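Structure record follows, encoded as structure tokens.
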């Protein structure tokens, strides 16, 4: 894996399912549809999780970048 | 669904009802009338909710972007 | 109601009474006299409220934008 | 009172006594001598207050803007 | 070791294993694949640790720079 | 005292002893040697204080501006 | 000691041992190898300390500027 910049990793993950962890401890899983330099993202078929269990299904979800800790493939 | 940038998802949601979750745990539902690159938004017919119940009706409401965690269709 | 940008909603509210909620839980009501792109605002005949009751009358009050959660017509 | 921008209200208050409330709950009263677009301010004959009582006299005091919630005439 | 700028140290660490500590107290170890001026980073073969023990394996992980305290070779 | 901008007050305090209060409640006293627009400062012969008592002597100390609440002559 | 700007003090400290205190209360000592305008720094032979005792040795360590309160010669 060769990456020039961190956002290249998000580009590689586009249209794939990712897990997103927020500063408030919440987790969202979904298909990564879009991101920008602020790390604002849009997930499709998003679901909120807690301790491995789905708590809520949310559909297309915009998440503000400054709330995000990490993004990793599901 | 093809999106170039995260704000495109907000553009698709314009004039539709959305649910907005804030960093302080509060939720607002309303029709998305406007947004900008800071994710400042305006909701029409906004209502504040807690645990699925309407707590307050607010009308046209400006919400400052840096308080927002996520925006999703209602 | 048609709005291009969120600040247009504040422009529509100029010289009208608004309710402003801050991140620290406090509420201020007053006539919206001015705002800028940081959402710094000035209220005239401002009053601080808690649970629907007026706690303090403040007159012309400058409120720094980064403390604000939302602004809505009173 | 007609104001174009919020900082105009601070300009009107220059050389008058104001009350400044900070995010940490502290209050400072003094004569407003200077301010800038970050809402950094300088108070002359500043005093720190708690519950209406003067706790400390501070003289010329520079207060960093990002600690400020509101500024109002004393 | 001569460095002109702090990011030079991250460049020296590229493709080597590093330990990353976050503001929320969590630690991530992995191979540093990319970074930018915001200190956004990508780790390969990332694992989350607590008190020296591996809690989770995460694979390729994007970590937002503003959550990071320090980065050091493992 | 006439000031155009808040940083003018810091310029007047250069090479004089000041008291600096931080967001975490700590106080530092020392001779103000330098400052910039972020309110980063350098104190010479700095000492950390708590409740009027010197806790530690620190010598030349760089303090990051975003940790500062206020700066006042000692 | 004459300084034009605060970062000049960091320049004077380059290649000397410094003590760095973070917003989370942690302390790091090490040789200052690099810094930038965000106060991102790199320490060589860094060690984490608590109450005067060394807790961990870290080697070359990048510390993100926005976590730093102060930097002073050891």
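Labels A, B, C, D, E, F and G are assigned to the chains in the order they are written; within every chain, residues are numbered from 1.
FYI, a residue touches a chain if its C-beta (ideal position, glycine included) is under 8 Å from a C-beta of that chain, and two chains touch if they have at least 3 such contacts.
Quick caveat: nothing in here was measured; it's all calculated off a predicted structure.
Shared contact partners of chain D and chain G comprise F.
Steps from chain E to chain G, minimised over paths through touching chains, total 1. In whole angstrom, the spacing between the mean C-alpha positions of chain C and chain F is 34.
Chain centres here are Cα means. That of chain B falls 42 Å from that of chain G. Within chain A, residues 66 each touch two or more of the remaining chains.
Starting at chain F and stepping first to chain G, the touching chains follow one another round the ring as F, G, E, A, B, C, D. Within the complex formed with chain D, the chain C residues making contact are 22, 24, 28, 33-36, 40-42, 44, 46, 58-64, 66-67. Residues of chain D that touch chain C in their complex: 1-10, 12, 23, 39, 65-66, 68-73.
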